[in-house]
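Letters A, B, C and D mark the chains as written, and numbering starts fresh at 1 in each.
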Amino acid sequence: MQDEECVNGDGDDLDALLTDLAKVNNSRERASKLFQWLINPIPAKSFFRETWEKKPILVQRNNPDYYKGLFSTAEFDRILRQEDVQYGVNLDVTSYNNGKRETHNPAGRALPFTVWDFYGNGCSLRMLNPQAFSSTVWNVLSIFQEEFGSMAGANVYLTPPGTQGFAPHYDDIEAFVVQLEGKKHWRVYNPRTEDEVLPVLSSTNFDQTNIGKPILEVVLEPGDLLYFPRGFIHQGDCLPDAHSLHITISSYQKNSWGDLLQKVVPAALEIAMEEDVEFRQGLPLDYLTYMGVQNSDKDDPRRKKFFSRIECLMKKLATYSPVDAAVDQKARSFLHDCLPPMLTPEELSSSVQGASARWERGQVMDVGAQITTQTRVRVLRAGCARLCSDGEAVNLYYITENSRVYHKEELKSFEIKAEHTDAIEFLIHSYPKFVTVGSFPCESAEDKIALAELLFERGIIHTAERL
Amino acid sequence: MQDEECVNGDGDDLDALLTDLAKVNNSRERASKLFQWLINPIPAKSFFRETWEKKPILVQRNNPDYYKGLFSTAEFDRILRQEDVQYGVNLDVTSYNNGKRETHNPAGRALPFTVWDFYGNGCSLRMLNPQAFSSTVWNVLSIFQEEFGSMAGANVYLTPPGTQGFAPHYDDIEAFVVQLEGKKHWRVYNPRTEDEVLPVLSSTNFDQTNIGKPILEVVLEPGDLLYFPRGFIHQGDCLPDAHSLHITISSYQKNSWGDLLQKVVPAALEIAMEEDVEFRQGLPLDYLTYMGVQNSDKDDPRRKKFFSRIECLMKKLATYSPVDAAVDQKARSFLHDCLPPMLTPEELSSSVQGASARWERGQVMDVGAQITTQTRVRVLRAGCARLCSDGEAVNLYYITENSRVYHKEELKSFEIKAEHTDAIEFLIHSYPKFVTVGSFPCESAEDKIALAELLFERGIIHTAERL
Amino acid sequence: MQDEECVNGDGDDLDALLTDLAKVNNSRERASKLFQWLINPIPAKSFFRETWEKKPILVQRNNPDYYKGLFSTAEFDRILRQEDVQYGVNLDVTSYNNGKRETHNPAGRALPFTVWDFYGNGCSLRMLNPQAFSSTVWNVLSIFQEEFGSMAGANVYLTPPGTQGFAPHYDDIEAFVVQLEGKKHWRVYNPRTEDEVLPVLSSTNFDQTNIGKPILEVVLEPGDLLYFPRGFIHQGDCLPDAHSLHITISSYQKNSWGDLLQKVVPAALEIAMEEDVEFRQGLPLDYLTYMGVQNSDKDDPRRKKFFSRIECLMKKLATYSPVDAAVDQKARSFLHDCLPPMLTPEELSSSVQGASARWERGQVMDVGAQITTQTRVRVLRAGCARLCSDGEAVNLYYITENSRVYHKEELKSFEIKAEHTDAIEFLIHSYPKFVTVGSFPCESAEDKIALAELLFERGIIHTAERL
Amino acid sequence: MQDEECVNGDGDDLDALLTDLAKVNNSRERASKLFQWLINPIPAKSFFRETWEKKPILVQRNNPDYYKGLFSTAEFDRILRQEDVQYGVNLDVTSYNNGKRETHNPAGRALPFTVWDFYGNGCSLRMLNPQAFSSTVWNVLSIFQEEFGSMAGANVYLTPPGTQGFAPHYDDIEAFVVQLEGKKHWRVYNPRTEDEVLPVLSSTNFDQTNIGKPILEVVLEPGDLLYFPRGFIHQGDCLPDAHSLHITISSYQKNSWGDLLQKVVPAALEIAMEEDVEFRQGLPLDYLTYMGVQNSDKDDPRRKKFFSRIECLMKKLATYSPVDAAVDQKARSFLHDCLPPMLTPEELSSSVQGASARWERGQVMDVGAQITTQTRVRVLRAGCARLCSDGEAVNLYYITENSRVYHKEELKSFEIKAEHTDAIEFLIHSYPKFVTVGSFPCESAEDKIALAELLFERGIIHTAERL
C-alpha cells in the first residue's frame, strides 16, 4: 500500500469523489453528500438524531484506502519543504511521558531537518491548520462548513511508534477522528459530571487516575472513523510497532443555544428599556439595605417582593427578543470564520477570479466582455453571502475574500442601498437556479447591471456561461 | 436681607439644622429628616407615593430665608477667588439667544475678573460640582445619598437679569430646583411621548415649537422648591429686573430596574450555561437557512419552533438570576459614586482622621492610645462600608477614602478572610449601636483587635469614646 | 525654644525676611538676596566660584532660630491632619537597619494616627513635595528657581532618635541641607571615581565598606547648613538622644552642558543634512565589509579614511548648531518644572488673580475697570514668561498657571503673531520697569490694548496701580 | 519579438546568466558581475567614480532581448491570476491627466478582470514589490543588495499607449530604469536648487512650469537603461502607438554619511557625558537671561563665550565617536531590510532548507546525518550574518529567515557567548573558503559541533558536501 502511495501521489479515491461532487448543482446538497461519505455506512439522519452531541461512535471499515487522498505523511513532508510552517503557529512538537505533557517548539520556521529529528526522537507532531497548506483539506472543510452552519476545522497528528503525544483531556468541539496511516490505540471516557456534558471550554490535562474506565477502547486502522462529542475524555497512543497519522475534523465550537442567547439577551434588554417604562422605573429607595450578599440571610418580606419583581421583568424580557437580528450577529461571526470556497475550473472561468481579461502579445484581451441584462448569474455557494441589518443600515457580508488562514482578513461587507435589498434577497433565495440580471427587482436596467457588476467583482456571483 | 447676608456670613438657618442633625444617632434617620426639610410641608411618604418619578410639584414658601446657608453668590465669588476652578471642568459659561444655545468656555482657570465679565455681558454661569468647593453642599449631598441609595449631585446656576442660559430640554435625573436668590420664571412640559417617560438619557436641546404647552408655569422666589421627574421638559429664564441663583439637587441617574437587570441578566446566562445542559446544546444544523433578517419574511414552521425554544430558554433564565450578587455590583458603583462622609467634630476626634497621635514639643504624643477588647466601636455611617462577594473572595468596600471630586479616587476595598465575615456583618448590622471589640464573633482577642485596628485605620469605624 | 515655637506659630524670622523681600522691585535681585541669606556668611560670589559643584561646605551658626519659620514638625503634623497626603506619593516611611534599607509605605492617605505610629517605632519620614502643602516652602523655592535658572525642589526628613533612615548614597542634584530641629550626625565622602564626579544619575545604596573614609563629619544643629555637590556620598543618622528635622533644598538636576548638547546636537545634524550636501552623500559601497565591531581588529587603510571622514563631518557639525533654539527647548523644560510665583498682596490686587471684579449685594461690581493705553504694566516676574520659536511659529510660554504639584498641569503657551513679538520682547526686557500699554511697539491702540488684556488674563502681567 | 516571447516563456538570456553566476564561488564577486551586466558597457569602476550620485546616464543598446527574462507582462498577468495581489499594498492604479495625478485603487484583491479593465481605460499600473511574486526579481535584487551594501528594491510600471501615469517628481533613491517592453519617452531635469541635490526625502508632484528644461530627453526601447541619482526630476510618458513596461531598480535610500551620523552622534554624546566631566558640569546660573531666541539680538559678551564653549565641546565630541558600534546599528537596519538569499539547488541540498531528512514509506529517513569535526562549512553568503555588539552582549544577526515581503519578519538574531565570538569571526572572515568544523577556535569538539549545528539549523552555514 505504501509503495502504491508513493507511486500514485496524492490519492485518487477522494479526488474522484470531489470531482463528482463538483458537478452537484447545489452546494448544500454537495455538503450533505460529502458528510454522508465521511460517516458511511451510518445514515446522516440517524447519526444526527441518535449520536451527534450524545455519544461516541466507531466505524471500522477494513478498507485502508477509504479516506485516501485526504492527507498523508508525504504531503506533510512536502508542506514542510515548500511552505512557511512556523513552530507554535502551524506546528506543535509535543510529548507525554510518565504522565507529563510537554511542548518542545523552538522559534522560527519548521524545516524538515529539525522536524523529523524531533519525530525520530519520539515526539508527536500536530499540524494546526492543514487547510492553509493542503488544497484537499481546504476543499473538504469548506464543503463541511456548509453542512454544519459552523466553522469546520482540522488538526493533523503524526505520532511515532510506541509513544503518546497528549494527556487525556476533553475538547470543546465535536470531533471526527479519521485514521489515515498506521494504527492508533484509543480510549474514550464518559464526561466526569453532568456539568461537563457538552462543555463550553476544553479541559486541562487529566491525570490517568481521575477519569474512570473507558467506555470505548479500540485500535483504529486506516479507513476507520471515530466520532465523539465535546466533553468526552479521550486519549490515543501508538502501538510499539506502528506510527500513526490521523486528521481530526472538528465543528460546533461555541455554537450552542446559550451562545446565541449571549447575543439575544443584552439586545432584548436594550429594547425593553426603550419600549417599556416598567424597565425604566427607579429601584426602591432602600433596596440596598435589604438586598445584596450582606443581607442574603435576612428574612425580610421586601426581599421576596424584590425577587418576584425581577422574575416578572425577566419573563417579560422574552417578549422583546430580537431573535433574527441576534442570529445575524451569530451569522457574521460564522462568515468571518469561514474558509473561502475552493472553486472548480468551471466556477473559476465564470467568476471574477478567472474571468478571461488578460495580457497577450502586447495588449489586453477580452476586456470588452460585459455583463448585460441577459447574463444569467447566481451566488457562488448557497451560503457565500448574507444580508444582515446593522442598526439602520443593511449590509451584505460575504466570504469569497476570506483567507485560508483563520481570521487573517477582516470580514468583508458593503452597504446595500434600500432599493437593492429586494434584488439581493431574490438572488440569494433563487440559488441554485441561475437568474438573468434583467430579472432583478430593481428600478432600471442600469441599476440591475451596476449591482451585478458589483457582486461579480467581489466574487459573490458567477455566470452561467463564460463572459 | 442681602445686607444681613453680608453681616452673617454663610447663613445660620441651615447651619443650625445641620448642627442639630449631627446629633441624630442614625445616619439614615438623619437623611430622612434632611430630606423632609427639603420638601416641607409635603410629607416624604406621600411625596414618594404620589409625586416621585410621576409629576412635577411646586412648593412656594414666602420665606426667603428657608434655604439660607446652602449656597450664595458670595460663596460663588469666594470659590472663584480661592479655589482652582477650571472652565469646562468646574464651570460653564453659556447663553441662549434667539433659539441658539452656546458655550463660551475659554481654557484654563476661571478667575473672578473674567468670570464676572462674562456674567456682566449676559452669560449664565453653571458651577458643575459645588460640593468640591462648598463644605455645606458637600455635607448636604453626602446626607442625601443615604436617603436615595443613589448618588446625589448638584449644579449651581447663576443667571443675569433678562436672560436665559439654556434651551428647553429634559434630563436623565430626578431634579430638585432650590431657589436661593433673585427670581426665575420656569415652564415645565410633559414628556413628549410614552418612550420619553423616565428616559435613560438626557435630551438634546429642543426647539420652542416642538414641546407643546407648559403644564406648570411659575416664578420661583428664594425659599421656593420645584421638583420634576426625569423626562419632563423644562426651561427657566430671568425676569428683566432680577438675577437668579439656584441649586439643582439631582439623583437616580441610571438607577432603574433595567439598570439592575444589566447586571443580573448576563450573570444569569453564565450560570445557566454552567448548570443547565439545555443551554449548552448545539443550535440546529440548518438554522442559518431559515433564521436571520434575510429570512424574516419566510413562512417556515421551523421559525416558529425556533422562536418558541428561545422564549422557553429565556423564561428558564429567570430561575438562574444571581440577584444579590447583581445588587452588589450595583452597590459597588454607588459606593464609588458616593461622597465621603463629612465628619462632625465628635466623629473626627473618635476616628482615625482626627485620632490624637500628634507631634508636640519635639516628640510624638498619644501614640500609645490603643484599641482593646473593651473599646466600643461602630461603623461611621449606616452605608459607609459594604461586604460584597467577588467570585470566590469576599471584599469590604468603603467610601471613607473617596474624594469630594467625582471618581478622583478608585473605589477602595480590601479582602475579608472567611473567618472575619461574621464579625463584619455583625458590626454593620449592629449600627447605630456601639459594640465592644470583644463582642466581635472572632476566634481570639488578637483577631478581634487586629480587625478593629484595620477598620479604624481605614476610617470605617469610630469609637464611642476618644482613644 | 520649642515652647516659644508653640506660642509663635510658624516662626517670625523668615516671615519678616520674606515680607522685606517682597518689597524688592526686581525678582532676580530678590532671588539673590534670599540665596545670600541661605548661605550666609559665605559671599554668594565666592561660593559659586570656589564651592558650587566642587566640594562640600559647612556653616555652623550657633543660632538655632536662623532658619525658623521655613518648616517645623508642627507644620508637618498640621499637613498630615489637613491635607491629602498619600503614602508613596507625598510621604515615604523608611528604615535602615544592619545595612538594610527598607520602605514601609502602606497604600492610601497618610493620617497622623498611622504616621506617628511608624515614627514611634523608629521609622524615618520623608515628605516629598512640601511646597505643595507649605506656603512658605512654596514661596522660598519659587524665589530660588530664579536664582538657579533650574528647578528648585525640596524634601523634608524627620528621623527618630538613634536611627538612620537611608543607606549611604549620592544624588544627581546640588544639595543644601538645612537643619531645622534636633540634631543630625552627617558623614560626607568624596566621589569614588572620576566618572562619579558630577554624575548624571543618583547612585544605588552603598555598602558601608565601599565608600572609604569621610572627608567631613559633623553634627548639624538647628540653624546650620551643609552643602555638597552631586556625586558626594553622604549619610546622616540621629544621636541617641535627639530626633532630627531637616529640609534638603536641591537644584541643577540634568542642567549640564551635556544636557543642553542633547538638544543642540540632533538639531545641528538635521540642519547640516538640509544645508550641506556632504552630509547627504552616500556612504562607500563596501563600508560594511571593513567597518563595524566584527572588523574592528582589521588593519585596513579604508578604516582610517572612514574614521577621518566622520571626524571631519562631526567638527563641521559645530558650525550648524542652533544654540539659541536649543536653549529655548531647555528653557521650556525649565518653565514646565517651575513653581508658579507666590503673589504678594500688592501683586494679587494688581493682577488678574485678585482683580477687583466681584459679586456684591446682588450684582457684580467693578467689572467696568478697563486696561487703557495709559495703564502701566510689567511682567509679574523676570522669568515668568519666555518667547520661544517652534519651527515657523513663535510662542509665549508662561508659568503663572503652573501647579504647586510637579507637572500636574501641561506647560501653558499661546502663539504670538509676528506683529506682536516686538511688543512682547519690549515688555520682557523692560522689567522691572513698568511701561504704559501705549508704549507697546504695536500698530494701533486697539492692538496694544488687546495684547495687554490677553497677557493680563493669563496672569503674565500686573499693573502699577489697581485697575 | 513578442511572438517569440510567448514561445520562449520567461526569457532565456538572464536565466542563463543567473545559472552561470550561481557557479561564482564568492557572493560579492557574483554581485559585481551582475551589476556590470546591468550597466554594460560602462565599466563599474568609472560609473561609480563619475556618474553615481552625480548625473544621469543613458545606455541605448539596440538589443531588445538584453534584459529579457527579468520581467514581462506575461509574468504580470500570471501574478495577478495566481498570487494574492492587494490594491494599495502590492499594486497602484494611477493616472496623470491635465496636470492632475490621481490614484484609483479600490479595496481588496487585484484580479485580472478589474486590473486589465483599469488598464484598458488608460490607467497606469505600478507593482510595488515584484520580488515577492517573481523569483527572478527576488534573485536579482538579493544579489544587488550585496553590491550596494544597502537595500535593493524595485517597482514595475505598465503604461498604456498615449498616457502618462505620474507627475514630474524626484525620488530619494538612486534609480536604474530598465526598459522591458514597448517604448517610453523620458525627460530628466536637474535638481532645482543646491538643497535638492541628493535629497533626504522624495518630492511632491511638480507642476510642469516649475522644473525648467530637461537636460536629457530620450525614448527608451527594450534593452535600454536609464540611470539618474536621487534629486533629479523625471517624467515618462508613452508614445501614442506603444505601451511600456519597465522595472526601476533602486537603492541607497537613507544611506548617507548623515544617516550614519544620526547613530554616531547621540552615542558619542552619551559616552562623552559618562567619561568627560566637562560635559557634566552645570550650565551658567544665568544663561537663560542672555541666551535663547528672545535674547538673540543682544550684544552680550557672555553670548560669545557661551557659543565658543558649545563649539569647543562639539569638537571634542568627535573624539568620543563609537564609529564601529554605530556602523553596527546601521548594519542591523540593512540586514532587516535584506531579501533572504535565493538558494541554488546545490546550496539547497547542502543547507538546512533542503537537508535530506524526510518521510518515506512509513518512516523518517536520513535523520542520522550528522555534522562532525570533519564537516566542511562556510556562511551561505558573504553578508548573510553579522556579529554586532549590543551593550554588554554580542549577537549574531542573520538574514536567512527574512521574508520576501519587506519587514514581514522581525530581524532574527541570537546571542553569541564570549567563548564563541572568535569562531564566528573566523567563519565569516574565511568566506568564501570552506573550513572544517574541527578548525573552529573553540575549546572542545563538542563545542565546535554544537556551534556548527546551531548555525546550520538557522540556515546561516551550508556544507561543502551533502550531509
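Just so we're on the same page, a contact is a pair of C-beta atoms (placed from the backbone, for glycine too) under 8 Å apart; a residue touches a chain by one contact, two chains touch by 3 or more.
Because the structure is a prediction, the values reported are computed rather than measured.
Counting steps between touching chains, the shortest path from chain B to chain D takes 2. With chains reduced to the mean position of their C-alpha atoms, the one farthest from chain C is A.
Computed centre separation for the pair chain B/chain C is 42 angstrom, with centres defined by C-alpha atoms. With centres taken as mean Cα positions, chain C sits 64 Å from chain A. For this pair, chain C with chain D, the centres built from the Cα atoms lie 49 Å apart. For chain C, no residue reaches two or more other chains under the stated contact definition.
Considering their complex, residues 2-3, 6, 73-74, 76-77, 81, 84, 108-109, 111-117, 119-120, 181-182, 243, 352-355, 357-364, 367, 401, 412, 457-459 of chain C touch chain B.
The touching residues of chain D, counted against chain C in their complex, run 28, 48, 52-53, 147-150, 174, 194-195, 197-200, 252, 255-262, 264-266, 268-269, 272-275, 277-283, 285-289, 291-296, 306-307, 309-311, 313-315, 317-318, 321, 323-325, 327-328, 330-331, 334, 382-383, 386-389, 394, 425, 428.
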